[in-house]
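Lettered A, B and C in written order, each chain numbered from 1.
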Amino acid sequence: MGAVLIAILVLPLAASVVCLKAPMRAAKSVSLTSGVATFGLALVLVSSHHVATALAGWLRADALSVVFLLAVSFLYGTTTVFAIGYMRPAEGLAEARYSRRFFAGLNLFAWAMAMAPIVNGLALLWVAIEVTTVVSALLVAIGDTDGAVEAAWKYVLLASMGLGIALLATVFMYYAGSTVLGGSYEIFYPKLLGAAPHLPPEIVRLSFGLAVLGFGTKMGLVPVHTWLPDAHSEAPTPVSALLSGALLTVSFYAILRFYQVSVRAIGPAFPRDVLLVFGLASLVLAALYLASQRDLKRLLAYSSVEHMGILAIGMSFSAPIAMIGVLLHVLAHAAAKSTAFFGAGNVIRKFGSKDLDRIRGGVGALPWSGPMFLLAVLALSAMPPFGIFRSEFLIVEGGLSIGATALSAVLVVFVTCAFLGLSWFASQTMVTPTPDSVVRSEVSVWMAGSMVIGLVALVVLGVHPPAQLSGLLERAAAELGAHT
Amino acid sequence: MTSLGTSPTTLNDAADVVALLVLLSEFAMLRSSLSRSQVRLYAFQSLCVSILAGFVAATRHIVELYGLMGMSFLLKVIVVPLIIVRLVKEIRVDVTASHRIGVATMVLLAIVLSVFGVFVVGHLPVHSRSLPILPLALAAAVILVSFLLVIVRNDVVSQAIGFFSLENGVSVASLVLAAGLPLIVELAFLFDLLVAVVVFGLLMRVHHGRTGTLSTQALDRLRG
Amino acid sequence: MAGIELAPAEIQALQDLTILVFAPLVSGAIAHLEGRLQARRGPRILQPYYDIAKLFRKETLVPDEASWFFLAGPVVAFACYLTVPLLIPVLTQYPLPLGYMGDILGGGFILSLAGFAVGLAALETGGAYAQLGSSRAMTFGALIEPSILFVTFTVALVTATDLPYFEAAAVRSSLGQAIDPAHLLAAVAFFLVVLNDTSRIPVETHASTLEFGMIDEARTLEHSGPAFALLKWGSAMKQLILYVILINVFAAPWGEAGSRQIGPVLLAIPAFIGKALGVGAIFAVIDSSFSKLRLFKITEFMAVAFLLAVLAVLVLFLGGR
């Protein structure tokens, strides 16, 4: 199993280097191979029940890591499919100028995000997430429009400041560990978790609070989410999909690692309160903002904020069912959000604008991706039989099981609010009659095909998750401390 | 009189004074109106941080920290300021955009933030083997004031320097708390900082290419 | 010369006399040095004495609208300036009997009373520039108060009293104390306060009488004759008093007499004057190197002084001493 980890370490990085020099065709196929292969490697890891390690312990994949690696690699694979159709320089689009750097950057971005779940230790985790920040900032700015430049500057500044706070949290946690483990030690997870019950409580509390604040900036928790709508809407669509689906979840993974240690050190009460505050704020604010959006991708970005809020609230319930729901939600949201962004990419290409007022009759104009886009948006609003329904159901069930009835009710109410916002948009833009000026055709087979993969995954997750996946989720929940 | 650190020795006092210089240079950054002087202040601040690393290396006899001190000196005192100064020279913009609030108000706000940071840290049960507790408190103050710097200044150079000084503050905190961090990790942090600087520089250049100035006052299109 | 012991009352009188006699000397020396630094010949070192003597021979002119306070003000100020040396360590390391009459806050209060008297006398005149200077002086004096307070707190936190004698003793106790961060910060903050209170660059310029920038100098524009002499003498004494606190409490409290023997006490006088001239030289160099701040930028200067004073207190709170 260690070989799998090393393969994941090497493959996307190699692909990125190759894409720097290769012509467009080769870059596309190399990226596609790398994406699909990485997803396959992640699937291999799902079936193993043991913790995989490599490189003398510097790489480590337990069940929790594999869940997030699965989400990242799935997105990597489908995004490369989409990007093949998106980057069509022959048609003289603006994207022609930056295509080579784009694929190199895409692979590098995916590499960094794949690294984060499988490196061992909080320090390397921080380094991986910092690399994702700098690479994605360049990718956001790659379009070189006014909005992209503004969004990229805001993003890199806010995210870096947030990661600075997260670094401080890591330093404090290291110090807490050093009171037990001695002045100089490798900050690997098993060691830290072993020493967790003896860590000084105030330091751990401070560290956890700072970690949620710092990594929450990258995750998109209110009130430090302000870069998110701008960056996700101004970036090229494949990058937006990766940002929303994978990067936010990887930042959530970082918070979960801190949660894992803190729960063993100071019990679930304090982490629960912190996560609840941020989660509620994100859910409420995003649901309210959704209703007033005019820009298609910004709408989806706020939906991401909402779902990150749901993740945080789900973790705050700290019941086993809720945790399984949260982890399933990570996977389902990755699939749904990417499909939604791909659909948005199709629609924007077709209509030539992101403005909601200009888009009419999407279903009619795009025979395949139109209805699929509609399905994806409905999936985001937790409609059965898609995966998000199942995961949110589990989260609410978990909330009710620990007696947090009021909170569960609030959760359902605001999810419904978000549904109203999304469905209003859907009714305005998608199911209206198509204007005569618009030709009824698909923009690109690749761009539509990537959506099919996402929807299939969602249905699988919603109707009947494979037994191995369920086992993985249960093991991951146990690692988080669900049974203590 | 609370005394949370080790018993006062001359080396500890000297370390305290150097940490104090780090905080004072942060305050000076609030006030300075020329981009070049901001960068020089950052170089001076990084120099103080390197000296502190040298202190820790001397008292704890960690040889690796001398290497770290050298690397951080090279990177933060020489390379990073060079990159930014070159960028500013190319753009030929000398005076940074004005602050949103007056200097005296800024200094008062910064004092309030520093007091807050110092008090929070003062109440933590931290016993460090490498440096007295005062540099940690001053590092907390530096971090808070760097946030103020980023919020109050509306030009990209000041904001970038604000971020870099935040990293300096976290470095001082890690010297106090985590001096034994494995060298690989420390080098990874430094390398990361270098990459971040390159990206910041690139984005500053792109920003200037788009808007023609270094001011962020134009960055208000995206709202809601 | 051993054996002759001075009574405490005599030493106290000697302290007052030192300040009284040597204040104009220090002023003159600073002015002369500044002239030399600026490549001029500079006025004679003893020039202030001649000025004061000349003024005592001149007649006094009083504006029509002024009341009795116009002439009383300078006298009140002079009396205050004679009182303060009783409270501070000018010549001795140990507190003198009357030294317990007032602490640093008390000394500060008396100095403020003197400033108030001069300012009120200036207001009496009804002249525009005198009033301008008076109001400015009051404002900036109020703004620099918090810094003085925090410096006092620093002293008080260290010694649990705010008698300046004990702070000086602490500084003398070991050389390591000299680089104690709280002490350094408080010393620099107080240095900035002295810059302000003695009307030096960057707050105000002695070199010219540009009315739009004058603060303290403008208050004495309307006085003449002996009252003016008292004012000039008084401001020189104020300068020397502030030097006393800066040197003998913060910066270099060595050379003072440890006993009541007449030898050490008399030696303390040139020691102190020497140190005062050294500090004066520093001020002269600052005067010649920097330019005056615009009036509205003086608040930044005061914010810096305040910042340093607050940091001194903070550092003490955390570092211990």
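Basically, a residue touches a chain if its C-beta (ideal position, glycine included) is under 8 Å from a C-beta of that chain, and two chains touch if they have at least 3 such contacts.
Remember, it's a predicted structure, so these values are computed and weren't measured experimentally.
Taking the mean of each chain's C-alpha atoms, the chain whose centre lies closest to the overall C-alpha mean is B. Using the mean of the Cα atoms as each chain's centre, the chain most removed from chain C is A.
Centre-to-centre separation of chain A and chain B, using mean CA positions: 31 Å.
Annotation: 66 Å between the Cα-based centres of chain A and chain C. A straight line joining the Cα centres of chain B and chain C is 38 Å long.
The touching residues of chain B, when paired with chain A in their complex, are 60, 124-126, 129, 143, 147, 150, 156, 159-160, 163, 166-167, 170, 173-174, 177-182, 185, 188-189, 192, 195-196, 198-200, 202-203, 206-207, 210-211, 216, 218-219, 221-222, 224.
Remark: chain A residues 123-124, 127, 130-131, 133-134, 137-138, 141, 144, 146-147, 149-154, 156-157, 160-161, 164-165, 167-168, 171-172, 174-175, 178, 182-187, 200, 202-203, 206, 229-230, 233-234, 289, 292-293, 298 touch chain B in the complex. Those residues of chain B that touch chain C in the complex are listed here as 1-5, 8-10, 13-14, 16-17, 20, 23-24, 27, 31, 103-104, 107-108, 110-111, 114-115, 118, 122, 132-134, 137.
Residues 157, 176, 179-181, 184-185, 299-300, 302-304, 306-307, 310-311, 314-321 of chain C are the ones that touch chain B when the two sit in their complex.
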